[in-house]
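In what follows, a structure is listed as structure tokens, so that the remarks can point back to it.
As written, the chain order gives the labels A, B, C and D, with residue 1 at the start of each chain.
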Amino acid sequence: MEVHQIKLRPKMTVGQLLEEMYKCGVLGAGKLGAATDIVASMFSDRKCKVYLTLAGALVPGGLRNIISMLIKENYVHGIVTTGANIVHDILEALGFKHLRGSFKANDRKLRSERIGRIGDIYIELKAYEEMENWLKKTISSIPEEIRANISAVRLMKELGLRLKDENSILAVAAERNVPVICPGFMDCVAGFQIWTFADELNLKIDFFGDMETLINMMIEAERVGLIILGGGTPKHFALFASTFREGVDYAVQITMDRPEPGGLSGAKLEEAISWGKIKPSARFITVVCDATIAFPLIIAAALEKIKRN
Amino acid sequence: MEVHQIKLRPKMTVGQLLEEMYKCGVLGAGKLGAATDIVASMFSDRKCKVYLTLAGALVPGGLRNIISMLIKENYVHGIVTTGANIVHDILEALGFKHLRGSFKANDRKLRSERIGRIGDIYIELKAYEEMENWLKKTISSIPEEIRANISAVRLMKELGLRLKDENSILAVAAERNVPVICPGFMDCVAGFQIWTFADELNLKIDFFGDMETLINMMIEAERVGLIILGGGTPKHFALFASTFREGVDYAVQITMDRPEPGGLSGAKLEEAISWGKIKPSARFITVVCDATIAFPLIIAAALEKIKRN
Amino acid sequence: MEVHQIKLRPKMTVGQLLEEMYKCGVLGAGKLGAATDIVASMFSDRKCKVYLTLAGALVPGGLRNIISMLIKENYVHGIVTTGANIVHDILEALGFKHLRGSFKANDRKLRSERIGRIGDIYIELKAYEEMENWLKKTISSIPEEIRANISAVRLMKELGLRLKDENSILAVAAERNVPVICPGFMDCVAGFQIWTFADELNLKIDFFGDMETLINMMIEAERVGLIILGGGTPKHFALFASTFREGVDYAVQITMDRPEPGGLSGAKLEEAISWGKIKPSARFITVVCDATIAFPLIIAAALEKIKRN
Amino acid sequence: MEVHQIKLRPKMTVGQLLEEMYKCGVLGAGKLGAATDIVASMFSDRKCKVYLTLAGALVPGGLRNIISMLIKENYVHGIVTTGANIVHDILEALGFKHLRGSFKANDRKLRSERIGRIGDIYIELKAYEEMENWLKKTISSIPEEIRANISAVRLMKELGLRLKDENSILAVAAERNVPVICPGFMDCVAGFQIWTFADELNLKIDFFGDMETLINMMIEAERVGLIILGGGTPKHFALFASTFREGVDYAVQITMDRPEPGGLSGAKLEEAISWGKIKPSARFITVVCDATIAFPLIIAAALEKIKRN
């Protein structure tokens, strides 16, 4: 099939440009176009449950509203995430803002000003102190018999129910009963903070519950689609859970990591077929691109496509 | 300044999405948004001459029509390119097509089928034989007194004038009198082919003429903007020529190469300030992204922006 | 200071070559040389506790013996790891081998042959079944009162004590009382397998215990050094724990991930200063290199250096 | 075949460590080991002509002495290079030094101090003025009948013969009659400087001569090996010249560029088979690594290997 030369038109929509890229069919543009088509397919397949996995600075990087919108509008049925994206979601819900900074910052100066840096994004450290207060108060309000043995996924829901922010991922997911699964929750600031008062509040978190939740959903779904932003534990957890159903039916991964060093985050999705994580018949694509660029494009274009059809 | 959380709207235009990314302001999306704003500025600055540098599989990768459109519509006033993009432009103009293939191809099989591979793009080798015939015939038609000492930039023009293809970069540039400068022209298939019959046709190519052309244009321009796709000799040549005017006023680079190994292709544009290639007061940005993704987006959005204003 | 031009000598040792790179002082070679010097400093500083964090295909990629040697020889005092490296360590200890494969594998064929692929490494899936049997048997042998509420770090130790393999990371660490901390242990095949029989064996894993162990060690140490292979939860966990002591004194990170997309795995170590994870006065360096290349070099050279002194 | 777990030994030589990596066989270490074995094979094959291609900041990055040593000791029979590495070689030969700087430099400040930055390497701009004087004086000393139509490869030789520096690539190559081929020579500071006085000195450079030289050498050689550092025009030129002999017999590429965007610099060597640039039966490998790290290792180990045998 011929490579299509991309044509621009005045005021073209994102969907129209991605359609051009899909027809182009090669290199990064072709992959991005194919990813759009696959996401549109999972979104319009009523028998398909869609899981979104989050790793990297996605909430600080401006993708929070898109993620919560996808939950609100019922396109995404489960979130698997790093702890950090939960923390950043809570911080924003508590009224703190991520700030525009610089990759070439003087980190010693930032340290003295009590500002933490994530790439070219800054956040005041006092926000974390506020979060600790909020977490303690909020977890205290969970009935003691529940918090004495609470699954992580239930804890995320209880936190989400107590956040008042219509753009919060946690809040919207809690309201819609969309599970937020965080296999490495202990490895985030919130996890550390909770540890400091867990004994006092008699809090025990059961991480086995997350597996059960995710695997049951995976098994019950007629079809499953994955949208994988970055890699890390969320990619691994969601893909491994899918082995209990002989693999997913659709998958899109957006990553800037390389495959050559052998880590999972940079592994092309093909590899997942060998493990039974992706069905041999599945539609899937790996897009090598910054998620803050590719994800908004894919979602805008996929939604345009399915609403147009 | 706060990180703006990107908002999607139904059927939003590319320009509207890039505006959201510009407001986001951080990571890849923020850089892409800023690049759009800078390109819009150079395109709408009537005193600014804009040079586009081409390295990488841009014509095979589907960007040919966008590039020739920019020349036709008078947004770009000079092209600095690798030889390969010229070759691929000629091949397409002669009616051959790049084909969609696979990164996981069996190259031994392709070899036996006489198909050359560029990433996931295929091209039949016989196209190159046709090109050789065309080159010989075409160069023969250039008056002997001219070809006895022809500048490379003039040779590109003579080739372009003889291509009948309204989407050809060479053809459109020749028609519009936009110079196509190719500092490494000897290092492309066309260069090798020309070498084989240069003696016979008494052809001598003067590469000094390219410098003169580019530097004079650089000096005469009130302001200069660079759009750098990939790196390589085109990036270096255009930036070095700009030292004769104390640096350019606007610059956008799109590259996937890394800065850490020290090569120019991956160097962030900041570095160019130290060399007097970019003015300290210039507006510039480096976008780490596949050019087949970023370039169509930036151009579509920049054109929308300047037509909207 | 001048860039030193690297000189090769016949049969030079790894330490001698890395010394040349250290003197070179720039680009990748300079960073690798500096990393060697920093690692030698932490290894020879008797008041320094050294933590090694593991993410990526390190055990499958051939680094297992180096890691266990460092524990045996008392250079490393704590391991923070992904679950996958624990799984691969157990598989090797049970007598299974990782096999040399290809990045261009036919994954559908591998699937039918029950072989899982990690980059260009293969492993038979039956090994995982054996591991499941072993895990169940082994965990059954842990006294019931202990396993009713076992910390993850204790569970790792109990597993290690029951592995008979002098090159096993888990076994050697258990023997030397070096904690193996795995903040995302639930997210690995072993974690999933344990989940399937946890109820039956009345097993409860307490992840808060890991934090306590690591943070206490961090606080008690006069100085702390980190060697970070890859990124992921191990990098984050170890760095965050270090905030309880106002940051580490030495740090070396080896990663191929990029900083631009904003994820922690690709973040340069400078960023950690702003968070109080690395002391402003610390010696630290980020090496952009495949860990399977850089880590053996750094360790061989650092050991040579400290034994020479 | 099993993945070999790398073993370190006290004071092991570079060759011994690379042998361990070769036996490891996978990921980056395995590739580096294989590259060493292939380079050792080409160096010890008396019927093989070896070409080294140079792109990126190799001379500024500390590899100059290794390159000139390989020429002196008759391991390398041709150099294909960017202009920049020639420029940096001349600057060092004229007594100027590259300096250790920082990636996070203030480029505006460097500009005011007349220091140019290449990654984390600095060079005083006055060195370039001295080079201009030297070039003019030196080229003036070439007999007028020769410089009226001098091939680029001859010009490189004439320059090399006039440099007094036993570590200079140009000087050593000239003395040994090893051709230095620079297909993009016009695109370097020296090229620009020469342009400014070319008319005055009646200098005409014939670039066709380079092709003839290289292709004839390629055709005459019984076997050919390529060592490709970085990519760019040198990689393309050397590989394309090899089509005239149906491809090379050995090839090693060291690059940090990615294949996904489709550019030649990041393309894996497999691709070259489809074009007839590498023989289907050839031994070749692509190593994804910073050349300043990988090249010294490979050369030290390959030389140790062939001297040991």
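To be clear about the criterion, contacts are C-beta pairs under 8 Å (C-beta built on N, C-alpha and C of every residue); 3 or more make two chains touch, one makes a residue touch a chain.
It should be emphasised that the depicted structure is a prediction, and the values quoted were computed from it without experimental measurement.
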| item | value |
| --- | --- |
| Neighbouring chains common to subunit A and subunit D, by label | B, C |
| Which of B-C and A-C has more C-beta contact pairs | A-C |
| Taking each chain's C-alpha mean as its centre, the one farthest from subunit C | B |
| Self-contact between copies subunit A and subunit B, residue sets same or different by half | same |
| Between subunit B and subunit A, distance of the C-alpha-averaged centres to the nearest whole Å | 36 |
| Intercentroid distance (Cα basis), subunit C paired with subunit A, Å | 26 |
| Intercentroid distance (Cα basis), subunit C paired with subunit B, Å | 44 |
| Subunit A, residues touching no fewer than two other chains | 26-28, 57, 60-61, 119-121, 256, 258, 260-262, 288, 290-292 |
| Subunit B - residues contacting subunit A, complex | 1-8, 10-15, 17, 20-21, 24-30, 32, 57, 60-66, 69, 92, 97-101, 119-121, 167, 256, 288-294, 296-297, 299-300, 303-304, 307 |
| Of subunit D, residues touching subunit A in the complex | 26-28, 104, 258, 260-262, 288 |
| Subunit B residues touching subunit D - in the complex, by the definition given at the top | 55-57, 60-61, 82, 84, 103, 105, 107-108, 110-111, 115-121, 125, 183-184, 186-189, 191-192, 195, 198, 204-208, 210-212, 230, 232-233, 236-237, 240-241, 256-267, 270-276, 280, 290-292 |
